[in-house]
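Order of writing sets the labels: A, B, C and D. Residues in every chain begin at 1.
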Amino acid sequence: MLIDAMGIILADNSRVRLGELNDARAIAATPFGGRYRIIDFMLSSMVNSGIKHVGVLAETKYSSLMDHLGTGSHWDLDRLQQGLRIIPPYMQSEFFRSPNPQDITGLHDFLKHSVHTYVVVAESNIISNMSFTDFVADHKNSGVDVTVMYNHDSNRLGSPNISLSFEDNKVVDLMIDPTDPESDCSSLGIVVLERTLLMEMLDQAIARGETLFNTEFILEKYQELTIHGYENNDLTFRINSLATYFSASMRLLEKGVLQKIFKGENKIFTKVKNESPARYLKDNQVSNSLISDGCDIIGSVENSVVFRGVNVGRYSKISNCIILQDTVIMEGAELSNVIIDKDTVIRSGVRLQGSPDYPVVIGKGVIV
Amino acid sequence: MLIDAMGIILADNSRVRLGELNDARAIAATPFGGRYRIIDFMLSSMVNSGIKHVGVLAETKYSSLMDHLGTGSHWDLDRLQQGLRIIPPYMQSEFFRSPNPQDITGLHDFLKHSVHTYVVVAESNIISNMSFTDFVADHKNSGVDVTVMYNHDSNRLGSPNISLSFEDNKVVDLMIDPTDPESDCSSLGIVVLERTLLMEMLDQAIARGETLFNTEFILEKYQELTIHGYENNDLTFRINSLATYFSASMRLLEKGVLQKIFKGENKIFTKVKNESPARYLKDNQVSNSLISDGCDIIGSVENSVVFRGVNVGRYSKISNCIILQDTVIMEGAELSNVIIDKDTVIRSGVRLQGSPDYPVVIGKGVIV
Amino acid sequence: MPKQEMIAMILAGGQGSRLGVLTEYIAKPAVPYGSKYRIIDFALSNCTNSGIETVGVLTQYSPLELNSYIGNGYSWDLDRNLGGLSILPPYQSMAGSDWYKGTANAIYQNIQFIDNHDPDYVLILSGDHIYKQDYRKMLRAHIKAEADATIAVREVPWDEASRFGIMNADEEGRITEFEEKPAEPKSNLASMGVYIFSWKTLRRHLIEDELDLDSSNDFGQNIIPAMLNEGLKLLAYTFSGYWKDVGTIFSLWESNMDLLDRPQEINLQDALWRIYCRNILQPSHYIGIDASIIDSVLTDGVEIYGTAKHSVISSGAVIEEGAEVIDSILMPGAVVKKGSKIDKCIVGIDTVIGENVQAGHSVQDGREDFISEKFCSDGITVFGSGLTIADNVKIAGNSMLFPNEEGQTSDVVLESTVLGII
Amino acid sequence: MPKQEMIAMILAGGQGSRLGVLTEYIAKPAVPYGSKYRIIDFALSNCTNSGIETVGVLTQYSPLELNSYIGNGYSWDLDRNLGGLSILPPYQSMAGSDWYKGTANAIYQNIQFIDNHDPDYVLILSGDHIYKQDYRKMLRAHIKAEADATIAVREVPWDEASRFGIMNADEEGRITEFEEKPAEPKSNLASMGVYIFSWKTLRRHLIEDELDLDSSNDFGQNIIPAMLNEGLKLLAYTFSGYWKDVGTIFSLWESNMDLLDRPQEINLQDALWRIYCRNILQPSHYIGIDASIIDSVLTDGVEIYGTAKHSVISSGAVIEEGAEVIDSILMPGAVVKKGSKIDKCIVGIDTVIGENVQAGHSVQDGREDFISEKFCSDGITVFGSGLTIADNVKIAGNSMLFPNEEGQTSDVVLESTVLGII
C-alpha cells in the first residue's frame, strides 16, 4: 500500500562515538558489513516501505555522507518532486546567519514543503531490514500524538540507552542510560508523528532558542503528549560504540543472519562501485568470512568482514578483523581483533592484536 | 569533439550587488528572462560545450541555489561519475573546522578528484549562450599558463569592471574599476587553465591562509604566469548591478536577441516547473513582452518580462516591468519601471513608478 | 524494491487512423494537445500522480516519435532504477513471432513482464484519452468490493448511450451485462477503457482467450464477456470528471477548444495534479508590438505578431504580422505567414502556411480539391505535418492537406518533409 | 544538447542459436558472463567510457530479459534526458511492417532515429563480444584518414584465417578486398564486426541495399562489398587487445576461463576503464567454515560451503557442504547441493543441481541420453536455466540438459521454470 509518510534520518548523534572511525565521518557514513554504510539500512528500510521523500539531517563532517548519497539515485530517490535531500546546517534558512551546526530551522523549512501527513524520524545507528508500514498504520489507528519503536534487546551494549516505561502502552517515564532500569524496553530511536505536530514542536523550540534535535527531543515531551510504544521484533543491531560496531559486524557471520537482513524480499541498497569480482588465487585459506568484490585474496582470512578492493597478501593471517575498503595487507602480516579503516597499508610482517571488547583501530589512509 | 575540461562556476561575487533581489539568494540563483535563473546561462554553455563535470562554489545563501539545481538532472548532469556538485563552505574538508564561508580547501578537494586536464573557471553573472570549445582549444594550442576571455563592451555599466591591458595578447596590466581605463578590454570573468596548475595555486593560497577565490585570484598572477586573452564576440550581457540587470532584461525584447540567445542549436536549460500554458482572457492588451507559462493575463502589459504563474488582473497596467514568479497584480494596479520579486501581491489601485536607471524593487513575498 | 501492489499497462499501439494525416508518421498517443502536451501525458501523469511507479507502454505502430518523446520516462518522474517506465513492443521468441493482434493479446504477449513485477493488480489504460483520474481511489473501490475486475464508467446522455460500450449494473455497482453499442440501452454507464484486474484472474483469462482461435483478443469484446459468463465479480466504478476520447479530428479539435471554453473542467492549473510533459527548451513566449491575443492559450517559444483568437498555440509556433488565427490549433513549430487568415484549422507540426492564405470554415469560394469528408467534419480543416503551403491560396473548410498518395506535391502543397521532431 | 559527433547502434537482436538452451528464453547479449556481468555490458561500457552518450540497442529476439536488464541505461550512466540509451525493436508503419531481415536492414529501419540525432558518424557494434575498446581512438583514425568507413580488425593466426571474414589492405591500411572465409587467405586481418561509417555515405548505401531484392541486407556480405565496388575509402583499423566472440558454448566457457588464466589480458580491475553492470543488490559473499576456493572469481551474494576450483561463480550462487565445482561456470542463483561434483559444466540461471550428482568431463559411465554434439564439445556440459536436477544422477560430458521438446520433465530434469530474473 502507499504510505502517507516522509522520513527524516539523523546522520549523527552526539551521544554516539565510534572512535577514529567517525573522526572524519558522520555515524551514518561509517562503513559496515563489507559493502554498506550504516545509513543504508535505515534509508533502504524507508524506501522499501514506500517512503519517497527523505531528509538527512547532517551536522558536521558530512563530506563522506554527501559523496555516498550523491543524487540519491542508488536508492531510487533521484526524483523530480520529493526524493532525497541532505539538510546541512548552513542552508537552513535563506539568510546567512551565525552558523550553528545544530540549527533546526532548516528542518522546519524542509518539513514545510512536504505534502505527507506523517513523518518518521529515525536515528541512523540501527542495523536492520525493517518495514514501517505497520508502524505507521498502527500510529494512525491509535490516534495518539507520537508512537515510538522499541525492543527488548538482550545484546545491548554501550550508551546511549533510552529506556522507556509504559503504562497501558503509554510512555510514562524515560531514562537515559539508567544504571538500574525500571524497564527492559529500549527505544530504537524511531518515532512517527504528524508532520504538522513536529513543525509546531520545532516552532516552539526555535522560539526558545533551542538548537538540538534528536528523537529524545520528541520523547521527552511524554508528559504533554500521548506517546505510545510499538514493539519491533526484527533482527536489529544497535551501533552505539566501537564494541557494538564490532560485535554487530561479527554477528553477520552467524548462521541465518545474512539471509534475514539481506536476502529477503526487501533489499538493502547502497552506492554501487563497479568493482570487478573478487579473485581467489592459489594458496589462500578463507573461512567463515564475508568478502567483497574487488578483493584479491592470497593469504588466510577467518571470522572477518573484508570490504571492497582489499588485497590480502601471501602468508598473511587475518582473524576476527574488519578490513575497510582498498586496504592492502602485505605479505606475512598478522592481525586479530583489529578494525582497519580504508586506504590503509599494513606492511609485511606487522602484527596487531586487539580483543573483541577493545578492538584495535587503525585510522584511515595510514601506513603501518 | 569531446572536451577535456571540467567547469567551476562561482555562485556569488562579493563585488556584485543586485539590491533586494539577492538579499536572500546568490547572484547565480537570481531569476532572469521569464523562466531562467542567471546560472542557467553559464551552466548550459558548459553543458553544450561538452563539459560534464561542474562544481558550483557556493558561499552563503545557497538554499535557493540548491533548490534550483537539485540533482542536476535538468542539465543532464545527474551522473554516476562526474556530474554537478555544489561545493558549500562547510563540506570543504572532512574535519569540522571553524566555518569560513570563503574557505577554498573544498575547491581543492573537488579538483583533486577530477580526471580532466583543463578547468574552466567562470563567474556566474554573464548572460550569454556561448561555446567553450574554441576557447579551450586556443588555450591548449597556445601553451600558455592561463587564458582569459574578454570583450569590448560598449554597453558596460556598473562595477566590477576588470580592465585588461595586453601586449602581444599577453596580459601586462589589470585594473579593477579604473576611472580612466588604459584599455577597452574587459574580462568576462571566464578563465581556463590546467587543473594541476590551479591546484598548485590553491595549495599556495591555503598555506598563506588566503580564503578568497574568484577569477581575479588567478588573473592577478599575470606577472608570474603567462596569461593570454581570448576575445569573445557573442552577444553577452554582464549583470553587475540592478541597472544592468534591468537593462539586460529589457534587451531580451529587442529584435533578434531571443533568437540569438535561446533559439539556436544550443539551448538554455533550466529547472522545469510543469506549469500549464498561459491563458489570455478577453480584454487583455499585451505588446512587446515576454510572458511565461502559468500566467493568466487580463490586464495590459507592455515592454515587460513576466515570469511563470503571474496573474495580471483586469484594468491593470504594467509597463517596463520585470514581474517575478507567482506574483499577483490585482485589478487596476499600475506599474512602470518596477521589478517585483516572487510571491508578491500588488493590490488593486496601487501605483508604483521607477526609472530605468533606478527601477523600484519590491521584495519577495510582500503585499503592497 | 517494494513489491508493486499495482502496475499499469498503457495501450499505445493503435494507428489512430481516424486522425488521418495527423497520425501519418506518429502514433496517436504522441499527437500534440493543449498547447504544450502530447495526448499520452495524461495517462502517464495520472499514473505518476497515483503513485504507480511501474508502467509498461505497449507500442506497435510508428513508435519512433512516441519512444523519443517518452525517452527514459524522466519528464514524468518514471526514470526509476527498478520498475519505472518500459516500452513494450512486439518481439520474437522460440515460440514464434507475432504482432499484437488485439488489446488482450498485447497484454498476453507481456505476461512474463507482468509476472516479473509480481503485482496483485494490473491497471489497463488507453494512451489516447484526455482526463485526470486518481487510480488509487479506483483501486480502493476494487479491493473493498473484492471484485475480480473493476471498470471505470461515466454517465453519458441517454440519447447518446447507444454509441458506447454500456455496462448494466445492479445497485451496488456489480456489472450484470456488457453491451457494445446497444440499440436500446438499459443503462447510460459507458466504459472509459480503464480497467483494474486482479492479476491472477486476468492472467488465466488471457491464456484461455489466446487458446480460443475465434477470439479477436480484445478486452471489451472477449475478456469482459468471458469473465461475466464465468460469474466473476465485475464492478462498475463511476468517474465523473472531464473525459474525452480524442480519436477523431472533431473530438481532438473540440477537446482543445474545451480548454478555452470550459477551463475549470480539465483544470490544467491544479498544482496537486500536475500534467507533466516533456520540457521543450524554449524561452518564454514573445508578444509583438501590434499583436492581439484573445481568449487563447500559449506556451514557451511562441511568437505572435498578428492575431490569435480563441485558439490553442503550441510551442515554437509563429503568427506573423497581419495574420489571423481563429478557432484553430497550431501544433509545435507551425508558422502562419503574413496576411493569412485561418479559421477552424488544425495546423500540423512544423507546417508553414504561406502569405495571404485563407483557409477554413469561413472561406468563401475556396478550392475544394482537398475536401475529405472521411476525416473532417463541422468545417474543420487539417494541415498535415511538415508541409509548406503556397502563398495566396484559398482552401475550403473540411479539407485535409497532404501530398498525394505517391508523396507528390502540388501547387498548394509545395513541400513535404518526414519529421523527426524531438 | 550538444550535437552528437558519433552515435552507436548495437546489434542485439540475434537469437544466438549456437548457445543452445542458454538462449532459450533470453537474447545472447543478456547471457551472464564473468561472475557479475552480462555479455552486453562490454559494448555498453565501451560506449560510455568512450564518451558516446546516444546508444541505440536493436532488439528482436526474446528481448524481455535484455530490456529488463538494460532498463533505462542507469547502470551505464546512459539514462540521459537527451539521447542516452534507446531500445529499438521492429515496428509497424504506414509503409508496412517488417521484422529486421539482416544487420543492414535493422539499421535501415532506424534511419529516422539516426537522422533525429544528426550525427556525423555512426558506430555499428555487435552486442555479444567480450573486449575493451576506446572507440574515440578509432574515430580519430577514421577522421584522419578521411575514410568513408573504418572497420576494426585484429590479427589472427594465419592457419585460422580461413575461418574469418578477412580484410585485405594496403600498407596504409586501406582495404582493397573483403573475403568471407577465404580458402587461401591473403591477409590475417579478421573483421571484429565493429564499424564506423560516415553517416551520409552509410545512409545512401542502406537505401540502395534495401532496393536490391537479392541482397541479404547484411553489413559484411552486402554493404562493405558494395562500398568497395564503388571505390570508397575503407580503412582497416587494427585492434590488439583481448577480443572474443562468445557465440558458442565452447567460446563462452573459454572466455570465462580466460578471466582465471589470463586475467591481465581483459583486466577487469582497470579503474580507468570500468566495465559497468547492473547492480545485483546482494551482500558481500560468504565463505563457510570448511570451504575451499582455489583460483576462482566470486561476486556478491555467493555462499560457498564446499569447494570451488578454477571456476567462475556468479551472484547468489551456492555451493553446499562437500560439493565440488571444478573448471565450471555457475550462473546467477545456481545451486550445487551437498556432495555433488561437477566438472567443466555451465550451470544456468537459478538451476538447482541435486545432491550427490556427478556431471561433466571427468564422469565415468555417466548417462549419455543428454549428449548433444551439436552444441557441446571438449567435454563441456550445459544445464539450462530454471531446472531442478534429481539427486544421485551421473551425467556424461558434452551433455546439454533441458526438458524435452514438449517441455516435459524426466527422471533427471525434475522441474523447469521459465524465468524472469530481474
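We take it that contacts are C-beta pairs under 8 Å (C-beta built on N, C-alpha and C of every residue); 3 or more make two chains touch, one makes a residue touch a chain.
Bear in mind the structure is a predicted one, so any value in this text is a computation, not a measurement.
Matched by residue number, over half of the contacts between the chains of B-C recur in the interface of A-D, chosen from B-D, A-D or A-C.
Seen from the C-alpha centroid of subunit C, the farthest chain centroid is that of A.
Each chain gets a centre from the mean of its Cα atoms; for subunit A and subunit C, those two points are 47 Å apart.
Subunit A and subunit B have CA centres that are 39 Å apart.
Annotation for subunit B: residues 73-74, 80, 267, 272 touch two or more other chains. Residue numbers of subunit C whose C-beta contacts span two or more other chains: 74, 80-81. On the side of subunit B, the complex with subunit A involves touching residues 23-25, 60-64, 66, 71-73, 78, 80, 83, 88-96, 99, 101, 109, 272. Residues of subunit D touching subunit C in their complex: 15, 24-25, 59-64, 67-68, 71-74, 79-82, 84-87, 89-94, 97, 99, 110, 112-113, 115-116, 418, 420, 422. Residues 1-2, 47-50, 73-74, 76, 79-81, 265-267 of subunit B touch subunit D in their complex. Of all residues in subunit C, those touching subunit B in their complex are 34-36, 74-75, 263, 268-269, 274-277, 279, 281-291, 293-301, 303, 308, 312. Across the complex, subunit B meets subunit C through its residues 33-36, 73-74, 252-253, 258, 261-263, 267-269, 272, 274-282, 284, 286-294, 301, 305-307.
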